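Below, each structure is written out as structure tokens.
Across the two complexes that follow, chain A remains constant while its partner is chain B and subsequently chain C.
The block that comes next holds the complex of A and B.
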């Protein structure tokens, strides 16, 4: 077994070794369903998951940092990071193993929302395309958020600080694309338009919206994977600096 | 075999390790002595490739710490200071995780688990969660983890710190027994431990090697007491 796989297995099992995982799953499922049905799912009379998907960017900004906060902060607080990184594991492998475990856990949470798909399929005849690309987008978006969370977890020994910083960064990456922000920026003379367009392009809202409409475009995938790769690389660099402190 | 060549490490304005050089051969147990903050742990962290030295290099178990850190880690067993462990795992699950990372599996891992559980007297607690264990057991789990792949080189940072006299005796006997065929470095600030387990000792303070010799030689220099000599030279080091 490779070192990455060993770390992955231990971490994924670690999630289910504590009640935190179950609390997380229940709260996530309840909240995502509640928001969907309370925001006019039935009134729309439309057999699609638009309402469900629309809430995910905001929800993930809260839940992904909660999953990621433990990753490195706890290892550093209990000093097990010294044990882990003196085993034949490189920092890269350890970061990747832990990240993939968190991502797989998020994947399980997403799979459990399939009851929404069943509901829609029972009530009407949804177009499978947008459902599929919506889930693909949600999974990629979860990975990107987790990478952001992992980075802040490597930055501090305190899980609460890791969570707050992670959630703030994720929220920034979501709401920079919200109409309120974009409209306000467009109001700035001269630079307004390009600035608004730039900020909007840095938002998950913009890229996820395209995917959940059923369109797979290269730049949206590139954005999600780019954020993931970028923040994971930053996590490796951060750990090299912070592990001994 | 460990060959250390003028390694140094700086943390901000503090020079933690200042050009240390020494050698340890297979069949030797080297005691790394020094007051708290002398640079013992930092040196060990460099030898286990947790930290990279600012200057100098070292060869551990035939691999260069700068060029092949993973190779070094594959060949050594290390117990960090205070033996940190994953509290949420059982002893068995923890040791299996270490085996997984070290690429062991099947019969090889089973045999290794049986061996270290016996060697470290862990039979009664194999299925217990690590967080419920006493300090003595935790230390032994830390040691078991380091011995799982039967490494030729062992680096132990204060392996008997915080143990009661019986547990200390047990750990020292283990180190003494393994010392015949392995290359072992232990750090300590308990001077009696040097007599009990070490075949050679190095005294360091302020990141420099101040003395190097057999426990008998060092004791002789202190008019029959190792403590006298230790205090004499480390106090001078402190004033300089």
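The block that comes next holds the complex of A and C.
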């Protein structure tokens, strides 16, 4: 476990060692707040973070792959991955360490959005339950996105390709649950209904929406953690193969 | 197979398992481990609703219509309430669907102009709330069954949010039993006009025969229910009757009381209107020879023989008054407030228990005239509860009045009657619901049957006497009969019934209310789910207060000016009329200028309010969009320079 911790620390320090992390944080904070206010947060006069949370699945689909893209692609391009894996660190530990560092970084980004919570608490009397579950959902969702991004980063040596593939996959996992897609699928004869159901249940929108309303359901937590675990396992398999080569 | 192919295959398998696994788990664990973290538990259905949904035998479909697309296109400002409310209703309906285990299917429609969904909404009579650019705004629900039964909530009204679960549960419940229901009416007064159709009554009237008009409330009930007369000495309640309305029962024979008792024991729903004093519903016969003859007329009714077995009593000679809800009465000295004449819907429904769905949302007055009070009886059976539906404010109380003061031929004198009243400290119930496993008021069985058997020496029949309800049942008690009489409900204009109070709605609601199951009755009203920006509301309230003050000041100015002007005119005589007229013109100009300034002030206060709200928006927007990111940037720069400085120093040291 100490190897994982070592990787985690090295990576997290790595984020803040470059201006990239700050640029990321600044853009994320500004954009999330801008979208919230421009989508009628103030006009609705509803003391909740519904509008703020509603934008997170889309924003994360952009930012998580950006964080994850350099996880492995960069290491593979500069061949430092071989170096890393020759250290007394297993692939599993390395994958977990890097993933946890990225996740912690996202956690920090989310913590910095607490100003939104304070704003709402100042303006009205928000229900604390949905605020808490919304953040819980956002954090779990960030982890799942990062795992997807990490997988595509491990697939290629090119960061840009990793980003594009990761973002596309994340977008697919978000918008598969949008009413337009579900309606279109339902129109397909015979297989429409079950297909729409499957695709909808694969969407972060469906599961995150439940959480941000203040409901904690086993299946939503399972979905987020399941996707995270599945993609991290796939990443380990990918890297094991490249290590073997 | 190369190692690359092998691991690629492995990856494909892993992802396949991930997706299929999460799908299967999410399908298989629909109701497992669900926690509602909201303060009011707004996403949890009440026990009553769960029972209703759990009892469903056949699958039902909930067709939910909301023009989300249209609302989004129109902009959020005016419609913000509607969108927030939509999310709430949608989530609640999804909870119904989820908890029904597949018996309630939810279909959500966003009706576009000229679409099938729009046609379906029109067919189901979902209300087209608003028409804009050929598109209609729909926000309603239809619960349909395969057998064709349909129950429609034509519009979800944001003002009615506390009742939404009740509405939906009622629709679900009623969609399962489409047949028209039978209401029995038993009264010591002739209130149904007999079991004859309107046509027959008209024909008899044309033939010059005496016909009694039914009470308006009965006519309204006939629109929704089959209304059947029950004789006031009936020894049995027709088994066809599911709901029994007993209105003003005066000295009912034991056999009839027993029949009512057994009706309730069988699970029948009883609504009883009794009154210690019902001069409007049951006026004394007019006798010009003897104007005080009314004093001997007994207009009190009671069902305490039954009620007391069920744990409540309506004491005779005790009336309810409320200084907060009292209404004016026309008297010889003009209109005067009478403490026993109440509008229970006054002050925003201060006389209505907000937790009971039945009396919510009444638009007009809910009038009662010297109602009695429903009190706990000396003995309350275990497990039987009484829940007030109508009750006074805390200052309300009971009081007694001598009969001769009430029965004075000139009508009661408010001053004398109000003097008998002392404000109380806790609300007093005027109507309510008894529920639980009710015991029979005739523990020894049929009072008549038992005697017969004893006399004839036969064995007591192995009769079907029920000593208590099989399942929990509810009885509604209203301690005022006047409130359902025409005098407090309707005006008749050219044969048409025009309700002037909400009293008929309340009466019909009561029947609807008991027509639902006991579960439906217990569906509590939902907690408030809207959480406004209190700071903004406060700003608006203050500004409104100030504008009100200013408007009042301006009006006072105008009045003062007019008074001055008229006094000047009255002082005018031939000699000084010219001078005065000049002065008046000058004065008028002055005051007009002042009023203009005051109006400008008014606009300024309005603008200040808007400015205050806008500046609040700007500052919160600035803080979040620019302030926080800027702070992060500064911290980053500071740390960066610090690190660089350290590195430089380290390098310098090394050099």
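Operating definition for what follows: the second predicted complex is superposed on the first by the 241 of 245 C-alpha atoms of A that agree within 3 Å, B and C clash if a C-alpha of one lies under 4 Å from a C-alpha of the other, contacts with A are read in each partner's own complex, and residues count from 1 in each chain.
Here is the rule we go by: contacts are C-beta pairs under 8 Å (C-beta built on N, C-alpha and C of every residue); 3 or more make two chains touch, one makes a residue touch a chain.
As the structure is a computational prediction, the values presented were derived from the model and not from experiment.
Engineer: After the chain A overlay, clash or fit between chain B and chain C?
Structural biologist: Overlaying the two complexes on chain A (C-alpha atoms) leaves chain C and chain B fitting together cleanly.
Engineer: Which partner does A:160 reach: the first (chain B), the second (chain C), both, or neither?
Structural biologist: neither
Engineer: In the overlaid three-chain picture, which partner chain does A:104 touch, first (chain B) or second (chain C), both, or neither?
Structural biologist: Once the two structures are laid over each other on A, A:104 reaches no partner at all.
Engineer: Taking the superposition as given, does A:121 touch the first partner, chain B, the second, chain C, both, or neither?
Structural biologist: In the superposition, A:121 contacts neither chain B nor chain C.
Engineer: For A:87 in the superposed arrangement: first (chain B), second (chain C), both or neither?
Structural biologist: first
Engineer: Just to be sure I read the superposition right, which of the two partners does A:184 touch: chain B = first, chain C = second, or both, or neither?
Structural biologist: A:184 sits against neither chain B nor chain C.
Engineer: Looking at the overlay, does A:234 come into contact with chain B only (first), chain C only (second), both, or neither?
Structural biologist: second
Engineer: After superposing on the shared chain, does chain C or chain B touch more chain A residues?
Structural biologist: It is C that touches the greater number of chain A residues.
Engineer: With the two structures placed on a shared chain A, what shortest C-alpha distance in Å links chain B and chain C?
Structural biologist: It is 6 Å, taken between the nearest C-alpha atoms.
Engineer: Just to be sure I follow: which residues of chain A are touched by chain B in one complex and then by chain C in the other one?
Structural biologist: Residues common to the chain A contacts of chain C and of chain B are 17, 244, listed in rising order.
Engineer: Sort out for me which residues of chain B touch chain A in the complex.
Structural biologist: Listed in rising order, the residues are 45, 48-51, 70, 73-74, 78, 80-82, 84-89, 93, 97-98, 100-103, 105, 145.
Engineer: For the complex, which residues does chain C have touching chain A?
Structural biologist: 3-4, 6-8, 10-11, 14-15, 17-19, 21-23, 25-27, 29-30, 32-39, 42-43, 76-77, 80, 83-84, 87, 91, 110, 530-536, 616-617, 620-621, 623-630, 632-633, 635-637, 639-640, 643
Engineer: Report the residues of chain A in contact with chain C in the complex, numbered from low to high.
Structural biologist: 16-17, 19, 21-22, 25-27, 29-30, 33-34, 36-37, 40, 42-48, 50, 112-113, 115-116, 119, 122-130, 132-133, 179, 197-198, 201-202, 207, 213-220, 222-223, 226-227, 229-231, 233-234, 237-238, 240-241, 244-245
Engineer: In the complex of these two chains, what residues of chain A are touching chain B?
Structural biologist: 1-3, 5-7, 9-10, 13-14, 17-18, 78-80, 82-83, 85-90, 243-244
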